[in-house]
Amino acid sequence: MLAYTLRRVLWAIPTVLAVITVCYLLLHLTPGGPFDSEKGLSAAARANLDAKYHLSEPLWRQYLLYLAALVHGDFGPSYRYVDWSVNDLVAKALPVSLRVGGASIPIALALGVLLGVIAAVRRDGLADRVVMLLGNVGNVLPPFVLGPLFVWIFAILLKTGGDHGWLPAGGWGGGDWRYRVLPIALLVVINLSTIARVMRASMIEVLSSNFIRTARAKGVPLHRIVLRHALKPALLPVISLLGTIAISSITAAVVTESVFSLPGLGQLVVNGAINRDYTLMLGLVVLTTVAAVFLNLLVDLAYAILDPRIRY
Amino acid sequence: MAITTSPSQRMRDGFADAPKTKSPLALAFSRFARNRAALASLAVLVVIGLACYAAPLLIGRDPAESDWSAIAFPPTLLGGHWLGTDELGRDLLVRILVGGRISLEIGLLGTLVAGVVGVTYGACAGYFGGRVDAVMMRIVDMMYAIPYMLIAILMMTLFGREFHLVVLTISAFSWLDMARVVRGQTLSLRTREFVDAARAIGVTPWSIVARHIVPNLVGIVVVYATVMVPGIVLTESVLSFLGLGVQEPMTSWGVLIQDGAQKLEAMPWLLLGPAAMLCITLYCVNFIGDGLRDAFDTKDY
Amino acid sequence: MDLLEVENLSVRFARRDAPAVDAVDDISFSLDAGRTLGIVGESGSGKSQTVLALIGLMAANAQVSGRASFEGRDLLTLSERALNQLRGNRIGMVFQDPMTSLNPFLTVEQQLVEPLRLHRKVSRREARARAIEALERVHLPDAARRICRYPHEFSGGMRQRVMIAMALVTEPRLLIADEPTTALDVTVQAQIVDLLRELNRECGTAMILITHDMGVAAGLCDEVMVMYAGRTVEHASALQLFAAPTHPYTVGLMNALPRLDDESGRPLAAIAGHPPLPGEAIEGCAFAKRCPHAGEPCMTTRPVLRRSADSEDAWRACHLPAAAAVGDLQ
């Protein structure tokens, strides 16, 4: 088990390194630097900027300097927000993304599993069709459609006296819970459909397996079969799915935060791209890649722990 | 009275009455044809496709043309603007149809590129097996870990937003699933008994690939291609929504949706129109994909 | 009173775009307490479907008719709840494939203890003790230590023993074993057959044993029922059946068995042709097309299961006289 984990971690390093290098080269080799749009800079100001960001040094040197700082956990200064370092910016935005994204995943998981199990047990019945229809909703209405729809319904159409919508249309509101309801709901709905569908298919397959037939022949009642015999094996594909969901949450976060104007990591990404904030973009790419690799590793480990047949 | 024919002869006669079975491809076709949802979706898609290309010409309006007599009109059946206009008087229906061309083209082109790359990559990995396969799949695993949306955003800002670049960027990460699936299928086909049997009676490797492996790949490739299309259309829409997709004067459903999302309070139809179009299209492709998957699935016999 | 009495059991599967399949066609038999019945036939003859219908484990599209009276109650009319109280309790079942019939995610202990905790009021400790006892009864070595292992840590033969222990731990009155030896090595097969015989003798458990292996049936069963295309063709005591089979199909099966003492150098005798396809309409006797003695009534009228003229306890469904078939026995 330990050897397996170590091997996976070791494989992660070249992946991250490759990603960093590719992005770094992309950013620095394309025409147009970050400060070209700043007009009327005095020579002295220019010189200061050059010194601070090492812009006049050869590229390979800048690259190595960057890597060295990275090892210390220092993502460097932001190119755009001159007084801030990337670490500062990320520290400010991370809690926002976590409180929205982080909350949505357990909710989506719990609901998805529940719906999937119900649909599988009552296969081809009314409950099954309803669940699958709901499931398809999250699949077919993309987040950038569903999000504005939510806003339209809950913040514009439905009003509580006066001119206020039921829920705010956007913004962070300093963390007030009302501002988090719609974004979390959006993320839950998006992931719910996939989780429910996979859970349903997996549960149907497990329920038709031989060992379930044996359990039935032992006189085990249905609820016990589902909970004690079928749930664990059926959950395995869903666990694998979590890895994929983790990676797609990044996209989802970008869109959600754009729709609801949340000052999270997603917003940072878009702004960083538009402003050509190299260090910020690089920092975010590194962070997300590391997070993705780490999460995938966790998922594989969870899989191995749950399934007694797997022993590394 | 004794029967004069031998048991084996009687059996052969019996066999003559046995039901004739169709080839797998013909079976799949007839199963698909029986799936009403899939057929209806196909029809709807064809209608949408035709509308996007032909209708603007028939309606005779330019998407950029401003009708100053009808600014910010909600949808009206009578009079010219069926789906309403925006704050510049531009007819929404025409914009949606013209934008549809871009969305559909990107979807199809992107799927084609990603599909070809994926199938080739996967088939090579599966066919050669061994170390080649291991290395190729490692690369795929690494690419899976990369947050492609970030890279896509990066590439759009760096290289500009020209149409073919958008297609390339999106395809660059969409081929991974297809490659994995094709590789898995090729691997399992390669080691199946009928391949061994063919080899044992002296069939050449090329013939094996052509007559045994490729026909079995067709099913799964077709199904997966239909699964890829919505993903690619969506990716383009997301990029457009973030303001990083195709550039003016080109428009796509994603652009229109973003526009509509910003003007939600005053002109909700600007969001609903293109959103509905996008969702209907995606829904239809999903149904067709489901229909194809059921049609090719041998387990349901 | 008979422990189990089955009358006119039929199982039909409706199919879309295809004629319905009569998997089990008018089967009747009875079983006394402590006796063993073997059901013999080729794959697809309906043997498994017969017993699955008895304990209510059919597929959703199955239409079951007839009567199956167990300890006086008709199994086919019981609710799922009532069936659950009988299954694993008064009726135990052992399935064919030990590799996939045990839950890989639960320990052997958990799976063995479950029927006890469900159907008897025992404490956890008591249940564990009984489970270990059951494992020892099926001669599983080192039972007390290995009971907390997972199924994948056991070999196929041992897993089958676990399955048998699991079926017997509640001391059922009837044990149904569906091809319990088919998936196992020949040497292990013999051990399992011995085990079942021993359990039948010591515990007095009635058994229904399904097999396509005549040798296994001969070694274990008091009575044997031969099925073909969902119908009973012959039913007699084991001694009688193996000494003097009276149905052409049974004779064909016996002749097809390769024998070590056959020094004639003849090619192996197979029954020409193949069984009817599922859903194929059958007129007359199902075996007629393959029968070397088939006459006119065989092709048009379905033979009824009748007591044999010579013996009280033998039944056959054939238009021909018994002597015609016996003569072919090699």
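Per-chain numbering from 1; labels A, B and C assigned in written order.
Here is the rule we use: a residue touches a chain if its C-beta (ideal position, glycine included) is under 8 Å from a C-beta of that chain, and two chains touch if they have at least 3 such contacts.
The model shown is predicted, which means the values in this text are computed figures rather than measured ones.
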item	value
A-C or A-B - the one linked by more C-beta pairs in contact	A-B
Innermost chain, taking as reference the mean of every protein Cα atom displayed	B
Where chain B and chain C are represented by their mean Cα positions, the distance between them in whole Å	50
Centroid spacing, where centroids are CA-atom means, of chain A and chain B in whole angstrom	25
Between chain C and chain A, distance of the C-alpha-averaged centres to the nearest whole Å	55
Residues of chain C defined as touching chain A within the complex	55, 57, 80-81, 83-89, 92-93, 95, 97, 100-106, 114-115, 118-119, 150, 152, 163, 166
Interface residues, chain A side, partner chain B - complex	11-12, 14-15, 18-19, 23, 26-27, 30, 136, 139-142, 144-145, 147-149, 151-152, 156, 247, 250-251, 254-255, 258-259, 269-270, 273-274, 276, 281, 284-285, 288-289, 292-293, 296
Residues of chain A defined as touching chain C within the complex	209-211, 213-222, 228-229, 232-233, 306-309
Complex interface listing, chain B residues touching chain A	138, 142, 144-147, 149-151, 153-159, 234, 237-238, 241-244, 254, 257-258, 260-261, 264-265, 268, 271, 275, 278-279, 282-283, 286
